[in-house]
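Please read the structure below before turning to the comments.
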Amino acid sequence: MATTTGGDGSEVLSPHIQTRPHLLLRLWQTWDIALPGAIFFAFILLASLLASTIAPRDPGQRDIKNRLKAPSIEYPFGTDEIGRDVFSRVLHGGRSVLGTGFLALALSFVFGLAIGIPGGYWGGRLDVVLMRCMDIMLSFPSILLAILVVTTLGTGPGNVIIAVGVAQVPVFARLARSVVLLLMSQEYVVAARALGAKDPAIVQRHILPNMLPPVLVHASAMLAVTISSATALNFLGLGVETGTPDWGMMIADGQSLLFDAAHVPFFPGLCLTLTVLSVNFIGDGLRDRLDPYMRNQSG
Amino acid sequence: MLRKMLSLTLVLLLILVSGSVSAQEPRQGGTLVVAAEIMGDSLDIGFWHGFGGLHVIDSIGEGLVQADFETGAAKPGLAESWTISDDGLVYTFNIRPDMVFHDGEPVTAQAVVRSMLRPVSTDDPSYIEGMYMYFNQGFDNWESLEALDDLTVQLTLKQPNATQLLVFTRPDGYIISPKAMDEYGQEVGLNMSMAGPYRVERFVPGQEAVLAANEDYWAGRPWLDQIIIRAWPDEASILAALEAGEVDLTLYAPFTSVDRITADEGDDLRIEVGAPLVNLFMPLNVTQAPLDNVLVRRAVNHAIDRDAIIEGGLSGLAQHPASILGPNDLGFDPAGMETSRYDPDLARELLAESGLETPIPVTVTFENNRFWPLLAELVAVDLEAVGFDVTLDRLDTGSFLGKVNEGLAQISMTQRSTFLPDPHDKAIILNTVYGGGQTHHAGLESAAYLNELVDNGIAVVDPAARAEVYQEIQALALDMMIMAYLGYLQPPIFVREHVQGVDTQGTAAGRANFRNVWLDQ
Amino acid sequence: MLAWLIRRLIWLPFVLWTVTTLTFFALRLVPGNPIQSISNQMVDPVAIARIEAEWDLDKPLHLQYLYFMRAMLSGDTGISMSSGTPINRLMFERVPPTIELALVAMVFSTVAGIVIGVMAAVTRRRLIDNALRLLAITGMSMPWFWVAIMLVIVFAVRLRLAPTSGRIDPRLSYEVITNFMLIDHLLTGNRQALLSFLHHLILPSLAIGITSTGFVTRLTRAAMLEELHSPYVRTARGKGLTERRVALRHALRNAILPVITLQGLQFGALLGGAVITEAVFAWPGLGRLLLEGILSRDYSVVQAAVIVVALAYVLMNTLVDLLYFVVDPRLNQS
């Protein structure tokens, strides 16, 4: 592969160039931008998990006298409208927003694949029925769904996950189906079917591994969507319970302060953006690693 | 040096003089851009909703009489004078001669009668099923409404009604051109023609309205050439548009920017503080434990530090509350302030007396917009400080109204504005029959008597006697402790520096009419 | 292909019926109803009963549903409960702006996304690739209204390069024919109105476009990388075609399939209205109508909006599948 022009980067991965560089460099070469992404993400995850130990103050502690204080040494990210410490809230708020985002994503991913793969694989009437169901789901207004969930089941993180996750199922279903359709016309699948391999085996051996790269890269991108949707629900008052430290909620509540105390929405917004960014970086790196052609070259 | 100072003084003097001159003499011309949160999809007075649409209707329409929010009296509108019979049942209105609607049709007594009877004239081409707003006109109590001649309208009531005259100042009491009703039928709301100081040049449903000065308005052409009223559903965007100089006047920018705009002399913005015409309060649902216990309700009332809430949640723009009525209302009794004094120790004692185990769980239900979430958090601080365990129940507008109406909320947060300057407009929510679902105290012993008192508030016509009725209503309501008052909101009116002549009374009540506004530029 | 299309569209009535039925019951299941939404202003129980009767809200649920279906089948969309405005008129007001915004945002994000994605793929893992991806991914990693409000603050408030909101300068006089402003102003030759409209369109379409661009970029890049390694591209390269030729001619053609799926879905979603963007930019779209309808429990507006949204989704998905055939003839066999 040393003959490649290097445009696809496979050159750096060729065996004879690997003359035991520094570990970090080697990691970078293998994982590319996924590395800083993973480091930052690990950092955020750790901070969120250890929030109760690191946070200098109780995130719910209101202190009206010290409301809307600008960032200082005492309050690194300032204080909000009722004098709560934004830094402590940001630390605590990651858990809620990331939990919601990932779980909603997992929900839509699993159900989406469970609907999309059979549809694409067996096709025919099953496919038609499944896809029309997806049309129905997509057309149902997600705000109404959220109101329905919140007013019947109450506000709370679990219900935000349902409201957001269900709304994204059709997206994954359609994506999975289109990828399966493509794979079905690949020689190895056609050959396996001709040789009489059982359907579950084909799905497990040929379809799933090959559909993962495009679906995973999309899934990491969809995290931005699930988090944004959850944030938008907060924006509309259908999100987590008021007072819960949650980045989405903090941005939604703080957006009217953008001209007057920008630090209130800014820090949670920054953390949210950087976190989603790092997940997308990981997704990109993962894609490169999972790419069957790339895998063949480096492995 | 001396010369410099002299010239400086001269310049300052000139500025002062010119400033005072311009302050005295309004100028004609210019466009005023107003931002509101919702426009509504029609200007039909039987359907209007959202303050944007209301601002438009209040600018283009007029009824037989107009409201004076300062005195609480009715003043001449399309009727230049009127008489009321001694028994309070027969109203005779004299329509101004030579007035025309925006479409050129003359304003006659027949036109007035047709417009006012529209909600019950099912065969009128402009009749639409479900014109809910008209029902405020109280026509169930009308014996007859007829045109005696081209310029005289006579209304005969079944029972005396002390608010009947002021009810005509509601937007649903405005008079529509019969020509427009014939021409556009059910779509008259999209092509509104009335007789107010401005006329509609363009109406984009749900989005914006462009109004032009009505050259033929009976009181003379208004100062402004043009008003643009547009819906901005998002508070932060209204503030952005204000900062970008695209909006001249709004009531709907976030309260949190009041302090900065007031302090910043360099910017082009100013805050005009509205009159205290909006009552913010929390109905306490007596059908729900623990609020079925009057001691608990009293504890809630004493636990709330209203000064802190007004300072922290409303940028100081509210007055200390006393009762359901506001300081400008007939029969207002300030004694209620003592009943609602901030006394957390007393609140704790009351809770101890109630025998309930603290912390007592309680839910505060509120709407997810404007200052409500912030106020709810502040109320929660105070309630938790005396021994409550507060759950904050934040809902979209529809769910909020549904939950409160069905009596499922415990403590809810709401407001009542002086839509027309008459105490009955606020007191009516204390009547369990007409309460609009906001209050839930029908189970209390004195509820029936309170209903009677509220009904008396309009049955008694003599102002002095009415005032006494309202004093009794206020005292009784406080005694029953069916709601905790938060404050009389003085809505900040955000204006750009060149906007003059803002009516802080009507605008604060949500009844902004821009007939005296002019631009100093 | 025609048979396929007919088989596909036969389902349309079924989809519409299911969605409207689900919406019908969902609306009545959540707390609040149209009467309660207006009862702050209307308190007389007699009057409430009268309105309820006029709107059939006093009837049992199954009868309400029957009346509703009857009206639907006879094509009677009725009037908005909160404003009395004919639903058809509201759709005329709201659908064209929604399509305009969706279309511009889609064109922008598709073109920008594919260009950036291809550039990133062919310069894989070099500085330029990383920089481009950083840019694209940052755009889509921000919450939607964050992007929108930031654009307003930077470009409208601080730099004053564009208006903060609205669809056109209301001071201008213009004629409404189709309510597609591009068409109307071109037809009437109203240059000033056209420019004002385009000026107002920039920020909202950017706000949507920035988010979508990230998705398209990543998808294009991923698909391009896959295709660049596929046997036939390697063959093409072996034949001496230059990198750019290979990338564009062969790889892009196949890489574009997932992009079409994504953008098709996205376009369908945008035709249903971009609630947040429309709220921030005061854009008179379908999303705001639907949101305000839901919040005020205006049943007839919500039902009508849902039908339009469902129509948009189904037609867009059909179109996407049709495009598959055009782009990838291989699929024709299946």
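Note that the chains take the letters A, B and C in the order they are written out, and that residue 1 is the start of every chain.
Keep this in mind: a contact is a pair of C-beta atoms (placed from the backbone, for glycine too) under 8 Å apart; a residue touches a chain by one contact, two chains touch by 3 or more.
As the structure is a prediction and not an experimental result, all values here were calculated from the model.
Taking the mean of each chain's C-alpha atoms, the chain closest to the overall C-alpha centroid is C. More inter-chain C-beta contacts link the pair B-C than the other of B-C and A-B. With centres set at the average Cα position, the gap from chain A to chain C is 22 Å.
Rounded to whole angstrom units, the spacing between the C-alpha centres of chain B and chain C is 37.
Between chain A and chain B the centroid-to-centroid distance comes to 46 Å (mean Cα coordinates, whole Å). Annotation for chain A: residues 147, 151, 236, 255, 258-259 touch two or more other chains. Taken residue by residue, chain B touches two or more other chains at 236, 240, 243, 396, 398-399, whereas all remaining positions touch fewer. Counting partner chains per residue, chain C has residues 30-31, 145, 149, 153, 291, 294 touching two or more of them. Contact residues of chain B toward chain A in the complex are 235-236, 239-240, 243, 254, 256-257, 259-260, 308, 311-312, 367-369, 373-374, 376-378, 380-381, 391-396, 398-399.
Chain C meets chain B in the complex at residues 30-33, 35-47, 50-51, 54-55, 79-86, 89-90, 93-94, 145, 149, 152-153, 156-157, 160, 163-167, 170-171, 278-282, 284, 288-289, 291-292, 294-297. Listing the residues of chain B that touch chain C in their complex gives 31, 38, 40-42, 44, 46-47, 49, 128-133, 135-136, 140, 186-187, 189-190, 202, 204-208, 210, 226, 228, 230-234, 236-237, 240-241, 243-244, 246, 396-403, 405-406, 408, 419, 428-429, 433-438. Considering their complex, residues 5, 7-9, 12, 32-33, 123, 128, 131-132, 135-136, 138-141, 143-145, 147-148, 151-152, 171, 174-175, 178-179, 181-182, 184-185, 213-214, 217-218, 221, 224, 227-228, 231-232, 235-236, 248, 251-252, 255, 258-259, 269, 272-274, 276-277, 280-281, 283-284, 287-288, 291, 293-294 of chain A touch chain C. Across the interface of their complex, chain B is touched by residues 62, 64, 67-68, 81-82, 147, 150-151, 155, 236-238, 241-243, 253, 255-261 of chain A.
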